[in-house]
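Listed next: structures, encoded as structure tokens.
Presented sequentially are two complexes of chain A, the first with chain B as partner and the second with chain C.
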Partner chain A sequence: MTLKPPPLTLALLLAALAVPAAFALGLLSGSAGWGWPTEEIFWLIRLPRVLAAFGTGAALALAGALIQLVTRNPLGDPHVLGVTSGASVGALLMLMLAPAGLLLAPELGAVAGALGAMTLVFALAWRSMGRGLAPSASPGTVIVLLVGVMIGAACSAAVSFMLAMANDQQLRNIVFWLLGDLNGAALWWPVWAATGLALLLAWPRAQELDWIARGDAWAWTLGVPVAKRRRTAIFAACLATGAAVATAGSIGFVGLVAPHIVRLTGLRAARVLLPFSAVFGGVFLVLADTVARTVIAPAQLPVGVISAAVGVPLFLMLLLRRRA
Partner chain B sequence: MTSQTSAHPKFDAAPNKGVGASLRLENLHLNAGGKPDGRMLIGELSLSMNPGERWVLLGPNGAGKSTLLVALAGLLSPNAGCILMQGRQLTDWPGEALAKQRAWCPQFWLDPFPVSAWETVACALFALHPEHSANEVEGHARRWLTEFDVGHLADTDVRMLSGGERQRVALATACAQGAPLLLLDEPSSHLDWSHQALLQARLKAWAADGGTVLAAVHDLNLAWTLATHALLLDGKGGAVHGTRDEVLRADALSAAYGVPVSLREENDARWFRVDLENPT
Partner chain C sequence: MKHIFLGFALCATLGLAHAAPITVKDDAGHTLTLKAPAQRVISLAPSLTEMLYEAGGGDKLVGAVEYSDFPPQALKVPRIGSNQKLDLERIATLKPDLVLVWFHGNAQREVERLRALGIPMVWFEPHGIADIPGVLERIGRLMGSEHLASAAATNFRARHATLQKENAGRAQLRVFYQVAQKPLLTINDQQIISDVIRLCGGVNVFGKESALVPQLSTESVIAANPDVILTARMGGSGEGPVRAMDEASLAGWLKFGSLTAVKNKQLWLIPGDTISRHGPRILDGAQAVCSALDDARKAK
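Then we have the complex of A and B:
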């Protein structure tokens, strides 16, 4: 199979068109149908929500791309680090236990939970993140993934426990949180800041992440400080994931699939893969959220339902078309 | 594409003349995995490899050929003794400077993501020669692939290549790095006869340009024609090294491999025959 060179100009053009188009679509459609909203709705509800959707999608896609590269695993996604589950536990604890009227309780809980899970993953997997140079073909970062999955499993158990203990009203909030929901995501900028910082940390050395993906020991023999790059990338991924979960709950799928779709278009090098994954993830989630809040208006669907319903066939189509 | 008609992809890459790598091992002691409680692979070994020499690394499975190559690449600290590159301890070299001295080509490759063959070669060129433009790098990468007879596959996804083709891409990558010392782990394991001949010609040209080659091989006849020197590990801590005449002897080989090896000598050439039906 011949690989085409990256269609960089075309991709830039498409991104420059897709981002404003997605924003326009998101801003102009609402539960009452298509059209220009009142000023108050526009500034206080629509715009923050669309911005939050874009930032969340970008954060998850960037985290997914980073994790896939440094763990050399095509199945890498933000969930495997356990950060998503940790944030869920933090958020749910606050949903159930915080006194009524405390502002942003679940968001603060999610940040705390994400930080807690991240610290735990780093503490337990620090050694393997540094020393995981595998002269053989097997990836040296299996430990990081296993630690993440184990912490995720523990957190899932905690979530199930809380589900069993919750009353009806709490249950509703919890379920929406777990499914991923942008409803009432008023605070849009933290996830943008986190994504920007993550990109800033990872992008200048993105080429070296490519070499690590080809072989971590081999990259080391080329003079790449593999351990340092890997820690930075995983830190950046944790940061972006934590902020995304705090903003919109646990949204699956975008982080795993956005980098693969970008790769299938030919944008394979990490230097272009990282920013374009972020843009694709952002646009994707803005569109998914727009559908989620209009398709059965005035009721709203959790955005996770739409992102999976649209994304799975899209990904399978791209995958099978290339193989043919 | 930018590939021009050029028989020799010299870049400034082919071994830097006059600054060939000299590698010295002093009282090297190596256990399996570099662990203190690991099985002993090399009890004590002192030797030097100089520019222009072609070494073959021989020994039974698990004798420590790959481990020694990994240690010489700097990925593993020896249990005792030291490895000197250009007279300087391997651990004292900064990673980037060391990358200009030695290239390591592992035995296995895992390619998790789609990448074309020329992009794989370009990794090594980008890492070592960041000053070159992307077009130059692509041109050199394609020429190195042509050198190893995989030029026609330059745009192919490496995950779709056959074992031998993937191996030749890996060898082109190692050569493209431009370090004078090549550490090759079983470079001919997937190659057919004509490409073994090609590999041999390339490595001989490499050494003639002032480079040094250390390659782990199993085929004794290939080892004989390829090498000027040989290092034979017996897997129990012992090692024999020296010129190919001294090491590639029937008694030493039979003892190390545990099968009777006989050889026929004719006009300074040797042919080896391994009796696979009567292992000792």
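Then we have the complex of A and C:
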């Protein structure tokens, strides 16, 4: 559980280098060319996009780390709680029903949808969130995950229904929400604020999350209010995920893999895992997005293509090297 | 009695004249042979519905894909699903003797089912404006309305030539055609809209892209710095171009004051049904694009 100091200082040093490096790379490259862009491109396109990418990556990675901890499930990711699908439904409903010209309609819809799905998860699984102690009943964490997956399935069905009803123009917008895209992301700060708030909620009690991850009974004997901590952590994860989806649509992979990669480097304790996952997720998405928008410029690739192409080998390499 | 016989004989000869098999080569490279002009036609694209009416076969249309709304009488024809979700059962029940297929617009898998049912099909996909009269003529042959169709084709060619003459030698403009804002999509030179832009003396700034409908970053549009930005207005038809500085889909560009198109107020909405359909009305769309580009030349 305890961490030897060298990897932590090394990790801090690496993070201190990686963040500015990723920002520099993101800000100095684009389809307009390498190097310093015009002021307009810098302030109105690249800076907001890089900031949005970092915030989104950080939010998703933090949410993934939290969910993996409190559900004790290595496959936990921001999308398993149904928040992403809920946000998609909200955004799509606004796309199809809101009067034209309503500013930020799909974004607000995404926030509302994420909140709606989150409320549902809490309403349905409130009691299960603290019930890991009862030896006979199925563990609470499983119920929380299943409730999330079911809400996600219902929302996916709703999305499919809307896909069937949508006209051409709406269809393109829907694809944007389903695939995720950072182009044109202008409002970058809400996702930063949400991530900051989520970290603030979870981090002070990070050690207790570690104990919960080892088992509810274990945590309980150490005096951890298991139900309360788990609810707070899930709330924080939902908050971060909702903000990420509203900013950039549903971007997969980062939330699942970033925490694992951080763990594989030796940073396992929640109090370091949470902030480092956020930083790593942010850096990772900034770099992936930079590649996605420059490699076939002026056209661009979906960011998910790049993050999977880089992330899968990186993850496997770390995993197998550790095993060897 | 004699008259009746005479009439009968006349009908018989006319019938015989028509009974000569009709052979047409389509845009997929298939050769279709009909024993007689088609009597029950189904159209799988709004543009093909328009072509059928223009070629004089509209009264034989028994089923049409969604959005087949022009000419207005097409609205009364039963719907047979959308271009990617055909109602195969309904198509089969309508017993068509000819189905007009949009080569890359329809779902291949579904069209294959129709082929398995033994329904005669003909595939069209005009890549440029100049391909359209050829489609009209071929549909005319299949419908036995060659005269009407070739008149329509001649008309179309003449109007196309006039537009070409009018716009020849005008100063070239750099044009960005926005298909969608989110995600940001455009078209390359393989698409018929690019041909319209070329006709009006414009250059599609992303014409050389390899994808037919490339997805772009905002930055690449700023870097390309187009003189004119065009986009389609959903469902618009008859009217000309509309300068649209406050239109939601274009408003995002206004903050980029260095863009020539923004400086000169050259953001335009083109009536969507005329520019987006590969049909006879594409010249109406072309006229709208040309007059937008004329305005842009004056502003330069």
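Convention: the second predicted complex is superposed on the first by the 311 of 324 C-alpha atoms of A that agree within 3 Å, B and C clash if a C-alpha of one lies under 4 Å from a C-alpha of the other, contacts with A are read in each partner's own complex, and residues count from 1 in each chain.
Everything below uses one rule, namely that a residue touches a chain if its C-beta (ideal position, glycine included) is under 8 Å from a C-beta of that chain, and two chains touch if they have at least 3 such contacts.
None of the values given here were measured: they were computed from a predicted structure.
Of the two partner chains placed around the shared chain by superposition, chain B is the only one that A:220 touches, whereas chain C remains out of contact. Judged by the touch definition given at the top, the superposed model places A:293 against chain C, while chain B stays out of reach. Residue contacts after overlaying the shared chain place A:207 against chain B, while chain C stays out of touching range. By the touch criterion defined above, A:172 reaches chain C but does not reach chain B.
By the touch criterion defined above, A:99 lies against neither chain B nor chain C after alignment on the C-alpha atoms of chain A. Once the two complexes are overlaid on the shared chain, A:41 sits against chain C while remaining clear of chain B.
The touching residues of chain B, when paired with chain A in their complex, are 66, 70, 73-76, 94-99, 102-104, 106-116, 119-120, 123-124, 126-128, 155-157, 160, 177. Interface residues of chain A, counted against chain C in their complex, comprise 30-33, 37-38, 40-41, 44-46, 100-101, 164, 167, 169, 172-173, 175-176, 181, 183-184, 293, 297-300. Of all residues in chain A, only 1-4, 68, 72-74, 133, 135-139, 207, 210-211, 213-215, 217-218, 220-225, 263, 268-269 touch chain B in the complex they form.
Chain C meets chain A in the complex at residues 85, 179-185, 206, 209-211, 214-224, 234, 248, 252, 255-258.
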